[in-house]
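Look for chain A in each of the two complexes below; its partner is chain B in the first and chain C in the second.
Right after this comes the complex of A and B.
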């Protein structure tokens, strides 16, 4: 494409066309069934009343609209759904208020399952998984923390114990057996 | 079961060559219906017919595009006349739809109408198996086979005629009950109207104005109430409850308890002197706690009958044995604190149920803080506040301080369309009453800011959409699409902040209001469960009474002679309630004009030889049809009152002696169907077993 063609009424042509119109190719109507498969309720029952967004503690602070995500699930707009951040804290307030008896929090969990299976994994998930198989906990042991613990008279974190090695080993076997390592992409961390 | 066995030695056309292994069964005609493409689109009707032709006893097998059409019916008549068919099997839709049609059809041809058997290959086959045409065809073939087998065992029955008393009873005197009673009375029938409250008028009497025209509710209702009380054909039994209903269409026996109102209705002139001197003041239920009344009272000025009632709960005389100021004040000696309840037994031919509705009561610890914030009220409470004869003489004020609110919010769908509280239905009136009330508020106080929090606006009726537009455009009422999430109150100013997502803007909004009106939905009246049990009415999943057919029998119930009017059947606005009341009146009038009805003979029959008089059937029957009577040879024997029996079969299923069975559903008939369904499979099984042995 020539440089001149890209320019279109004061903006790039792609930029103007992209995302402004949702066409047939972006819709995946099977998403609702997929969500049910991963433990969510039927998103088609949602009437878009907006009660979930109103009660969501996250929605008040950042641009995150529970209702919008559910709507996108109805259409199967994966592109939009997978573009949102994993900020749902699963506090279940939305479930408490939902008049359609839908459980948006569980839909979010189901969506994460689907996203991971499609290879869309936020870096923090990978980090946490790596920590789990390395240290037996999702938070990495820290020298700084060890020092504070010592000052407070607390015992050393058990990940440093020699005896804990077998526990980590056990975790690794489980992670490998459940193919979680392959799913997240941390096979190299596990020596089986 | 002894069957009128007929030898199949008359040779009729094509069947003469066909093998007829039974040899003795009556001649059967099978008519397979295409129902356009409803059946034929899935089931291979040609194949079903061919298979039917091969069955024993089948003389004629035909297929039709529409068997219920004139042409299709003519074919049945022709087959009966020409081929001498004795039993007719129609494989088509549900018998609920066309059984009467085909019964009449074969009666026309000279056959007993009960020698018809309908095989449902539409609702129970083609519609539910559209994904597997081959198996659907197989199922239809099997069903026809079963039907033919049963048809051979059908017996001719005769419908029974019972007389109908030309007297009706209307239970509940809201606008629907009043209208139904007036219509029947104007047709010349005697009508008893039973109302549990001291005055008739129901919920409509509490309303301010009606949508969409803005007519004053009591102004259009009061003339009807007065007309009812003065009508020579109507006996009004106010402050009365229906206690027991026995009998069946044509001759119901109803026990009505006239609750003691401690005032003689014939002597009271409604002057109100008693009420003036009464020292007790309590909240008036009619004003939903906003206004007050005395312990001797009429609920509202236009009450009919305008007879005072003593509230036993609060009257000082009943508490302390003293007072009696009202007795001294009454110039007609109408008040009698020793009055007792009275039970009347009335004989009526038909009953119209118009027990109405109740409004949903918001939850105690709900999000909308109805019980916690003073200035959160319900829609019906707002009606009383706006009503010129209400506690505030029509001035809208905040309950917290008596000042007029500057900003008012309506919250829609409170107690409707909510799966959490099992109220899945739309209450149909809330959108419009919120719109109507916002218009009235704007007319009273044009400076008020009004916002309506809604999910969907349902302005479906005549003139409704126009009102919705007028309120938006002329009055500037704001409509916010979103369900409020949180209500908070300023403890000093009592200003309420509503947080909600404005879904059309995709933004969370927080707005302040002086008053919040919850548009509460409609739920079944509290007493309707009891009435439903007394009358054996069925209830829909939403809790309202179920009509016999949602489209074609909207005012009838499963009980013959009992009809529904108004909101007891489901939420309705006033025009719909009145329309349904008129329909119920005309439905109830039909048997009363004829003075007789034909009762289905498909009732349970008791074999006295087998019956041991255990009485299990009398306990289990939902209609109270069987009763025990002394047998000829001593001991008790069950007997079925045919007019009450619906042929449901509960008794037959429970009878330990197999002594009771509904006609056309005897054990022998049902087993013959099963036999037909299983015979081929059993043969196959045998073959397989033999093959295994060899």
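Right after this comes the complex of A and C.
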């Protein structure tokens, strides 16, 4: 009997990692150390118990199995990991349930660090970073809301203050000092 | 100089001032002269916290620098930061923990020197020649309300108890987890928002999987909006099954997600509001000041029920 196929959001089908052919040429053994460098714990301590997948709200909806991703990290199978979309909600449920005291959410964050350094930058990151160095906020100010603020008798948002220009300058200095502008590709926004 | 025990700085973040000004109004009103008259003021130089889903996810060094800049401002004022958002709470309190490490603090301060700032923590007393410093305190609005203001005071100020109103409380992930950060409430069975709701005279209804994620955090809403909305839909089904009149949350980003997502799968959604807005209603504010017109889901049905129609 053929098993029913699970289809997830966006037409994604469930793919089992066990079905994939993996040969040594695809593996990058240094990945575990790289994850530690970016603040994740040692993925080699993962027991593959699957608690993280069981409690992950995202894994119910799409082909994203936390345990699989950790397994791939152990192997250094970057290709598979970076093919998965950037979908961890960082709800930290996996961390609370992990018997090995690994923090899968922080591993995902370390993976994002690595991905960004390999040039895989989701557009919304660029937008938020641009907003930050332009307005000092990650959310762009909205004219309609500004009108409503006025009606309510609230002061204008900080961005519109004359004095806030020096704050934006400070932010730009910091973003430039940590080379974040180059990393994300927003150099032209920075006037230091 | 010692820190005044209960003096705060408002930290509204990005979403509230630019998307839901009604929440800002409610918080100012509840904490101001018409409400509990707390010792709280603005700091016009606060920037984005910065958002954990973007900056903590892509470059921790930049994230820590920008968060430290905000912490320095509070440190120089000798005041606690009162955030009204779970994201700001997570970002800033995590930064204070990072800065406990002297090496990390030194590294941050070397860069902060470029803008003439230095993080030291707040000196609380001297022991011999040694100054004892404490990290800048970052508190959530709900935490301040329950532990500093107190539920009795909230009950006392409730002029118009919200009788017959059934509320579904949504805490949001970064209020609860990771557990070591959110130590002010029980992460597995949080009660603070429920208690505030009850103190306002409303009923907090139980529903399935109430501690589940709204779906928006960590960049999911920005990246795959369908996925975020699917998670919200699951929650909303459970909330309507419990017969709630409104959803109350302590996080404006969860609020934004509930408010926007419901339009994608429901004709008439369940109104969503911040806990401060509910409090302000119980304390007798004119609902027109709460900016419900900036919410996508109309609060009309809720306000009608409130007036007893």
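As a convention for this text, the second predicted complex is superposed on the first by the 167 of 192 C-alpha atoms of A that agree within 3 Å, B and C clash if a C-alpha of one lies under 4 Å from a C-alpha of the other, contacts with A are read in each partner's own complex, and residues count from 1 in each chain.
Everything below uses one rule, namely that a residue touches a chain if its C-beta (ideal position, glycine included) is under 8 Å from a C-beta of that chain, and two chains touch if they have at least 3 such contacts.
Every value quoted in this text rests on a predicted model; they were computed, and no experiment measured them.
Superposition note: with chain A as the common reference, chain B and chain C can be accommodated side by side.
By the touch criterion stated above, A:22 is placed in contact with neither chain B nor chain C. Touched residues of chain A, counted separately for chain B and chain C, are more numerous for C.
In the superposed model, A:97 makes contact with chain B only, not with chain C. Legend: residue contacts after superposition of the two complexes on their common chain; A:49 is shown touching chain B, with no touch to chain C.
By the touch criterion defined above, A:175 reaches chain C but does not reach chain B.
In the superposition on chain A, contact of A:59 is made with chain B only, not with chain C. Judged by the touch definition given at the top, the superposed model places A:129 against chain C, while chain B stays out of reach. Once the two complexes are laid over each other on the shared chain, residue contacts for A:67 go to chain B alone; chain C is not touched. For the pair chain B and chain C, the minimum alpha-carbon spacing after aligning on chain A is 9 Å. Across the two superposed structures, the residue set of chain A contacted by chain B and also by chain C is empty. For chain A in complex with chain C, the residues that touch the partner chain are 9-10, 38-39, 57-58, 61-62, 85-93, 95-96, 103, 109, 112-113, 116, 121-122, 124-125, 128-129, 132, 136-142, 145, 148-149, 152-155, 157-158, 161, 163-164, 167, 170-171, 173-175, 177-178, 180, 183-184. For chain B in complex with chain A, the residues that touch the partner chain are 367, 413, 417-420, 455-456, 481-486, 499-503, 506, 508. By the touch rule above, chain A contacts chain B in their complex via residues 45, 47-51, 53-55, 59-60, 65, 67-68, 97-101. Here chain C touches chain A in the complex through residues 14-15, 17-19, 21-22, 24-25, 28, 42, 44-48, 50-62, 65-66, 69, 111-112, 114-115, 117, 173-174, 177-179, 187, 212-213, 215-220, 222-224, 226-228, 230-231, 289, 291, 293-294, going by the rule given at the top.
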